[in-house]
Amino acid sequence: MAERVAIVAVAQTKYAACRADVNEEELAYEAIKQVLDETGVTLSEIGSAVTCSQDFWDGRTISSMNIQHVVGAHLSHEDNISEDGLNAVYAAMAQILSGHHDLILLEAHTKESQADKSLIENAALDPIFMRQLGLDFTSAAAMQAKRYMYKYGITPEQCAKVVVRNRANARNNPLAQEPLDLTVDDVLGSRMVISPIRLLDMKPISDGACAMIMASESRAKKLTKKPVWILGAYNSYEAHYLGDRDLADCDALTQAAKKAYSMAGIGNPVKELDVAEISTEYSYQEPLWLEGLGFCDRGQGGKLVESGTVKMGGRLPLNPSGGVLAGNPNGVAGMARVIEATLQLRGEAGDRQVKRAKTALAHGYTGMCGQHQAVMILGNM
Amino acid sequence: MAKEPEYIRIAYKAPRPYDWSTGKYLGKVYAEAKENKKLVGNRCPKCQYIWLPPTPVCPKCKVDMGWDWAELPQTGTVYQYTYLVYPLWDPHYGEKWANPYPSATILLDNGTFYRHFLEEKDREKLKEGMRVQAVWKEDYNERGQGVQDILYFRTIEE
Amino acid sequence: MANRVAIVGIGQTHHTSQRNDVNQPEMVGEAVRAALADANLSIKDIESMFFGNMETFEGIFLPDHGMAAEVGAIGKPGFKVNTGGTTGGSVVVEAFSMVASGLFDVAMAIGFEKQDCGDTTAAITAAAVPNWAKGAATGAIGEFAKQALAYMKTSGAKEEHAAMVRLKADKGACRNENAHLRLGLKSIDEVMQSPYLVWPLRLMDFCPQSCGACVLILASEKKARKIHKKPVWLVDYEVVHQEPFRAGVFGDPTGEETYTQHVACEKIYKRNNITDVRKQVDLAEIYEPSNWEEMNLYEHLHFCGDGEGWKLIEKGITEIEGEFPVNCSGGVIATNPIGATPVIRVAEAALQVRGDAGEHQATRDVKTAIATALGGPNWTAMFLLKRSV
Amino acid sequence: MQMVTEKLEGMDVWLYHGQIYIPNTYSAGAVGSRFLTTLRDKGMILGMRCSKCNRVYVPARSVCTECFAQIDEWVEVGDKGTVLTYSIDYETKPVMQPVEPPVVYAVIQLDGADSGFAHMLGEVEPEKLSIGMRVQAVFKPKRERVASILDIRYFKPIS
């Protein structure tokens, strides 16, 4: 890449189980106002807005109309990405590198509390062969969990440790929805929702929004002393039909990670990355995604998640923010990972700061059993 | 001619429920309508335009609107109107539905544009420029549905 | 700007109201294969794929996921966009950005809608703020009815002119084997006698609900010349949205509003030194959901002065054999698979520039063309295409 | 459906308890239709083989997931198979689930197929489920079959 792309400012609302007090527009504006105030940029200066929302979650056709005032889209460019929020960052990156825009406002929001999650997810399944069975993403995820545990001997205890660590990390994040002091037994004793997934193996229903400002290198240097650079990014699709792939593996993530590392010049991710923020709605996904990300060999994810490597203070701290398991909405989750990575690289992560963080990974996924995987590498040098 | 094979189609009839929030800006409109039968909008500190529905950011000036409310006149002039000839499927009602009242763009007497329905159903009597006034639901308990608390705009003689 | 971008592959399905022989993924796969054949590429050559679709029209959440196998997306990067009627424009913009940025050398823009799955007008009605304008229930048709009223009032156009636009569209559609409505209209009376949908819009004044897909393959300059003998250069784009709550969404009776088309076209004309559109551009494919809107767009895109749109159609200027042909393909009023519609506009403009439009090739030589998308509350996406750079 | 609103306590904010309801109908397409009508008429499960990859997909579909080839070699696969994975859904989702909870979902490798087949298990005790167990399709009686994936009632364990 000739010109570099910078993240100039980031903001999130506090994540909450229910924000009935605001509509989507007001929720989004809570985050947007912060990035505008921080940079002094006005909405009139924004050349392009890249937003991320889903008509199904908003309950509105053309859901980007919900937030077009607060992103300043009147007589200006707006694109809406209907995939996880990390892909909106990717789209904005391309717009900047193409030379068409040098200052972009990004926004993602979802109010999960206002809708029926299972019905929405069910509508994503192939209507001829799968939708009538009444599957949703959690019942499909439970099959992925079962397959993964069976094939590689991953244990419920290892998955429970993922929950304990993430929820504990969330205690250092003032915006986290549900920081909790848990034991492995608490997790293993929680209600069985869809076997083998228990209540505490899942992320809670969550409402929230986040916003970012991105800019070209030259523009960024005028707006911030602490630009964070996007060093690499890639994403990839898996097959949709549940029987078409071995659910215990995640080839799309392997592919996305490899390409993102190669763009960023990373040979050994565990050595060269300082912190990683990954999206896991269910506890089993953390070891599985770590394998996909190449942090360990296939089947070794279970050992890695209980090792010291991924703890705060370890070689590669994972999800200092508490991650999605502590509560982030669909669609917002991936952009929130980029934002948390950015805060780490700016040294602004407060009590969850990883010392001397220079290179970070953010991961997001969309769809059933991680069908669409996206990886981004960020750096502050 | 070859017989067309039997093609299967799979039907779904599943309403998706939502709990949509007004938020505080639109909530103010709901409150004023219910309590005082007043129509309110919020005023842009820069262009002074009163927006309906209200918004946190002036769409045109792109500045924070603050919390400056103005009551709007309930009389105005029909700027444009149209009416539905065939019932259309309404996803919120979940049925085919033709609003019996013509839909109009009304220029309220302060200069704010507002869309609502007209009481006058006789197409011969509809005309641009006709003067109209809001008619509210009189029962307090039936109000609480925002601008739907206004039944329609009635033709007035002046 | 970074890399030059060319259209090197064009594929579309035929468009029709009902496709029982294919499911949604298979229908989109048809267009993908057609584009690959046109570019003489295999799916392995496609580095990334971007999708455009309006989910509520089919009631399929994340439809790009459901069709990963059928369109060959497995193992490839991409994502889906949704910006209402302009969705197909946004997807071309995303694919363009990915190539222009240097992130990829070859990208596919895929627009699709299979409207036999649901109820389009109902889905558009769901675009209303649910706790505000509930019960308005006239969908897009009601908005275009108001636009027609505004246009009559401000320009002095008569119903005959709208009917002429419809007749011109049908002439094009009848020559375009992919078009949906090919009515074989003989006179404007047939248009003016069709029943009202939403007064004053008649059945024949408005676009149909179509099933169809359209795919473009975009490539960087270094790849483009190797892939296709006649690359068509996508030299510029602009996307402009606007707030939806002013007097009229698609037509402004006050005459005071700035339209998104004004902003989009003025920026593009300025950047590309276009001072006289009809002299410097040879043809346009525009997104006209109604015949009245087409005349409106002539004015907003500065093909003529204000209030003169109807004169262009009266004089035959925008006919297929005219001086400045518009929508030789039959346009949106003949074919409207919404997520695909703007991609079709760009595709048809590119076919004209290549001289490959067959029966509906414009009489005049087309070196430079405009394509536009329209959607949401009068949003615009606009593209400039050229034979050489 | 009438508009039902609710004021939040202590603030001027209202909730609208509404819905989006648009009925949808999906074409199975030529290949999907033949798969479904064969389930209905013959109680038989059809797959499609990719001659290039030599993989058999169930349910039958028109494109090879591996190589993107258009495929049209119909093959009958067995009604018996091996459970690749499963989950037990204890939640109540009456609008979308065809049977009462708990619903046992499974991906089953049918004999003669290379891909898994997503469906439900029945006549099972949750604690006796295991990956690798053998199961067989139980069809609905012929007069109840309507050319849908639910013409197979579920798969039951066999010894």
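For clarity, chains are labelled A, B, C and D in written order, and residue numbers in each chain start from 1.
Note that in this section a residue touches a chain if its C-beta (ideal position, glycine included) is under 8 Å from a C-beta of that chain, and two chains touch if they have at least 3 such contacts.
The structure displayed is predicted, hence computed values, not measured ones.
Ranking chain pairs by contacts, what comes out on top?
Result: the chain pair A-C has the most contacts.
Using C-alpha centroids, which chain lies at the maximum separation from chain C?
D
Suppose each chain is reduced to the average of its Cα coordinates; what separation in Å results between chain C and chain D?
37
Distance-wise, how many Å sit between the C-alpha centres of chain B and chain D, to the nearest whole number?
43
So, what's the distance in Å between the C-alpha centres of chain C and chain B?
Here the centre of chain C sits 30 Å away from the centre of chain B.
At which residue positions does chain B touch at least two other chains?
7, 9-10, 12, 14, 16-24, 26, 59-60, 89, 91-93, 146, 148, in rising order.
Multi-chain contacts only, two chains or more: what residues does chain C have there?
Expected reply: 20-21, 23, 56, 59, 69, 74, 119, 122-123, 125-126, 129-131, 134, 242-243.
I need the residues of chain A touching at least two other chains; which ones are they?
Touching at least two other chains: 20-22, 56, 59, 68-69, 74, 119-120, 123, 127-128, 131-132, 239, 241, 244.
Please classify the inter-chain touch graph. Allowed labels: line, ring, star, complete, other.
Per interface graph, the chains form a complete graph.
In the complex formed with chain D, which residues of chain C make contact?
The contact residues of chain C facing chain D are 19-26, 29, 33, 43, 56, 58-59, 69-70, 72, 74, 114, 116-119, 122-123, 126, 130-131, 134.
Applying the document's contact rule, which stretches of chain A touch chain C when the two form their complex?
1-2, 48, 54-56, 59-66, 68-69, 73-83, 87, 90-91, 93-100, 120-121, 123-128, 234-241, 244, 251-252, 255-256, 259, 366-368, 371-372
Within their complex, state which residues of chain B touch chain D.
5-24, 26-28, 30-31, 89, 91-95, 144-146, 148
Quick one: which bits of chain A touch chain D in the complex? Just the residue numbers, please.
20-22, 59, 118-119, 122, 127-136, 138-140, 142-147, 150, 192-197, 239, 241-244, 247
Could you pull out which chain D residues touch chain C in their complex?
Per the stated touch rule, the residues are 3, 5, 14, 16, 18, 20, 22-33, 61-65, 68, 70.
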